[in-house]
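Here it is, the structure in full.
Chain IDs A, B, C and D follow the sequence of writing; residue 1 opens each chain.
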Amino acid sequence: MTLDADWAERWVRRTAEAVEAAKDELTELDRQIGDGDHGENLHRGFQAVVARLDAAAVEVSGLDTSDRPVGDVLKIVATTLMSTVGGASGPLYGTAFLRASKVSGRPQLDPSSVVALLEAALEGVASRGKAQVGEKTMVDAWQPAVDAAERAAQDGGDEIAVLRAAAEAADKAAHDTIPLVATKGRASYLGERSAGHEDPGARSTALLLGAAMAAALAGPDGGADGAAA
Amino acid sequence: MKKLLNNPADAVADSLAGFALAHADLVDVHRDPVYVSRKDGAVNGKVGLVSGGGSGHEPLHAGFVGDGMLDAAVPGAVFTSPTPDQILPALQAADGGAGVLAIVKNYTGDVLNFETAVELAEAEDLQVESVLVNDDVAVEDSLYTAGRRGVAGTLAVEKIAGAAAARGADLAAVADVARKVVANVRSMGVALAACTVPHSGRPSFDLADDEIEIGIGIHGEPGRHRVPMASADEITQALLDPVADDLTLVPGDRVLLFVNGMGGSPLSELYVVYGRARRLLEGRGVTVSRSLVGSYVTSLEMQGASITVLRLDDELEALWDAPVHTAALRW
Amino acid sequence: MKKLLNNPADAVADSLAGFALAHADLVDVHRDPVYVSRKDGAVNGKVGLVSGGGSGHEPLHAGFVGDGMLDAAVPGAVFTSPTPDQILPALQAADGGAGVLAIVKNYTGDVLNFETAVELAEAEDLQVESVLVNDDVAVEDSLYTAGRRGVAGTLAVEKIAGAAAARGADLAAVADVARKVVANVRSMGVALAACTVPHSGRPSFDLADDEIEIGIGIHGEPGRHRVPMASADEITQALLDPVADDLTLVPGDRVLLFVNGMGGSPLSELYVVYGRARRLLEGRGVTVSRSLVGSYVTSLEMQGASITVLRLDDELEALWDAPVHTAALRW
Amino acid sequence: MTLDADWAERWVRRTAEAVEAAKDELTELDRQIGDGDHGENLHRGFQAVVARLDAAAVEVSGLDTSDRPVGDVLKIVATTLMSTVGGASGPLYGTAFLRASKVSGRPQLDPSSVVALLEAALEGVASRGKAQVGEKTMVDAWQPAVDAAERAAQDGGDEIAVLRAAAEAADKAAHDTIPLVATKGRASYLGERSAGHEDPGARSTALLLGAAMAAALAGPDGGADGAAA
């Protein structure tokens, strides 16, 4: 199992599917403490990403793409999200993918490169959003995911182990945003009333990282979890 | 959900198409990316003014494009900030060689997307200044929030900065007067009923028949407090007092009083609020020398209103009075 | 019922009090009896224009008092025609010595009360002409109804007759041009949701979540047909076709297209309707040379819209374009 | 039992009470096929009438009013209704009372004078409203009431018998407007949909005539039906 540009494509296509499936759930979370558009925003963005990747796939079909840098795919994702999502999450996810693309110039990612990718993404979100852990934003999912990925890599885990650690940590961490009082983003306007609801951006981060792991597990031809990429 | 719409996904596009036809003498509406610019392009030598944000607040901002106000407006999806690839061409279209002022409401999304667009514009040697509008006193401006939101006070910033630009002020001066308006304008709103975002199909929050939300924004977000339904006089006081206190109005101050409808409340009710707000201000020894009553900064079909007070001096008053010719504001 | 009101019985008085304060430069609001007249009284030598009717349609009519439009307006209780003792002083206040035109919407109550007032005015040697507005094609104009109602087309009558009076036309000529507008203007409306009269506290009719009323008036009356909810394009066609057919529009005709909100529908939706109506008219070979989009002739907070088409010629177009300076219409 | 100016006062005061009690019912009828203000309109008007009569009572107190023409009271009612009710019903009831006042110049009404009063009122409504029987308006209550009053007088009935005949006929006739399709007034805009609902003006006419009879029965000091005037 190698994490190459094809994996990156599978990752974002799976994210698009996951977002589509969870669109109403994300929107409902955002309706509780925001403005009820997060599902629609990400759906619009990842549909556009898929369309861009489809178009790019036609261009490169027949060419040997085995040494295509992973970052090339991530950069397409970044610019597409930036120009189609809007809202707060568009620039935030856009910056995450842009920074990730910059540290993913090689055609294959080893465990430490995966950690570097995630660290760069987190750094992008946190610096763009000027947010820290505990403010009830997507940073509250990204930070534990990065921490867990770093530990998994230090423990000698392979790429999949690293991604699994990140995904599982993000999923739990998204849930853990429920009691928090928001101090960044639109939910902060609610003050204390923001407590008791999961942060939509933290939930979508968990979906994104879950898709990264699933794409790795599935392999180029569908593979382990049975779903075609 | 019952709305005069076709496919909810086309809500913004269909509405802009109608707007373009109805006001072809004033604006050009561009698609792909979507932005609105004044007819005949930028005015040579004049500072350009650009604003934008999510749709659903009509007539803000596209309705304020024209002589004496904005040169371009950038509508995002409903309640969703526009993207940098929309904002950039709007900044470019507004540039008449004297630079551009971007008027940004203080929302994380608007701020981030405008920031990116401004960076891109500067990379292409466009001179851009940004002003952040944050007039909503319902939100505490502290380290522990994203800061106060920009709401109906935005209209005053756009009108007055637009007049300054029309008079030939340079970019720094236009930005200064815009910041002066921001420093002197405060707002607060109430919802009697929520609004429904077309693609969601569900009310943005659920309110019982005898409850209202005080301190709402303009995106269907719930407010700061949910309180029992009260009389117009009581509600007006609950909005006006925090506004006047935050502005630290003192006897002898002169103000613009702007009662804004949220989209679903009839004009007759806005005048009831206006009358009470005016008496409250006069009770504080404050003179209301300029007024505006109407639904200008809306939240789809939300029922409710907001009160905006702008402390005036001779400069701001004269700029407010200066001619304006847009789809929604004209004198 | 949630409204920005105090005692429902004071709804009209409270609203007019706010209106008076907000527009003290344009109008005087009189109490006991209640009517609104232009600041500084009648214009010497100019034909006076008076209109009136039940309240709840704001900005109609008080919002149209001022230069180039009405000289006085007479607001009744909500959805209730004013009484002769209100109408008479309004007629007197509007008289600048050249006589007065009374613009009356065709409702039994308005007709009867204006009739009485005009009789009383004539007994006091005031010269009064009356024009009946009946633009609503939803109502069949036959022996078997009270005739077609006056709805949003009233705005066009008031604007155009007001411009003629401002230009110095005499009473017969002003009345003639008003009747010419009446002869060439048609309207039809739809409600997505009913409105609630303050003192009743109950919606004026009950509509299911998937139903709309086609052919409604502006008093919360149910319409002619209750049909399933449809797209904006379909609804627009259901309104526009009867209007265009009744006007017998032919290719080459030139019109004013006025999309009017009923009070609770957001401007963005009105533009969707406008865009479709315009394409339908163009499909008939008709040129839309003038446009108006907004909530001007409302039915409290009713959600819905009406479409008004006025066939123009050079005279009507020039009078439409003539300057107007009122609280709600200004150019 | 004589029908004098005091009776006329009791009549309209009782009407005011009846309208107050039936305000919501009248408004609800009008909501079905009109604009939902008939109860409020008449309530406003008859409250004003009562206030005017109270004021007038102070003026005349102590004076001998035994030869006061019945029409004097009716004229106050007419002008007050005209200037306070508005809508269609204001001028219609106003005209009815004005015409009735003109034929009631004497201080006492005999049966034929009562019939003349009612005929004049009907004539006022019908000519003002240009309405005929069958158009689902208050004329549909007034006409049968007048017909019944005429018959009662021809049959030698006294004042009370005449008023009773009118009141009972109006009550039944109001009910009989239910199946009619309106061709006058606001309800006519509904076309066929106006059928199936009682006309609010016909109902208020029945209330008015019921009050006339009750005021006669009650006499100056309360009397037969036990309610004070």
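Remarks
Here is the rule we use: a contact is a pair of C-beta atoms (placed from the backbone, for glycine too) under 8 Å apart; a residue touches a chain by one contact, two chains touch by 3 or more.
These numbers were taken from a predicted model, which means no experiment stands behind them.
Of all chains in the assembly, those touching chain A and also chain C are B. Centroid distances built from C-alpha atoms place D farthest away from chain B. Here the CA centre of chain B is 29 Å from the CA centre of chain C. Chain A and chain B have Cα centroids separated by 33 Å. Averaging Cα coordinates per chain places chain A and chain D 77 Å apart. Rounded to whole angstrom units, the spacing between the C-alpha centres of chain B and chain D is 55. Chain B makes touch with chain A in their complex at residues 33, 54, 76-85, 107-109, 112-113, 115-116, 138-140, 143-146, 149, 197, 199-200, 202, 204-205, 217, 219-222, 224.
On the chain B side of its complex with chain C, the touching residues are 2-6, 11-12, 14-19, 21-23, 55-56, 58-59, 63, 192-193, 209-210, 212, 229, 231-233, 235, 263-276, 278, 288, 291, 293, 295, 298, 300-301, 303-305, 330-331. The part of chain D that touches chain C in the complex is made up of residues 27-28, 31, 33-37, 40-41, 44, 82-92, 128-129, 183-186, 188-191, 193.
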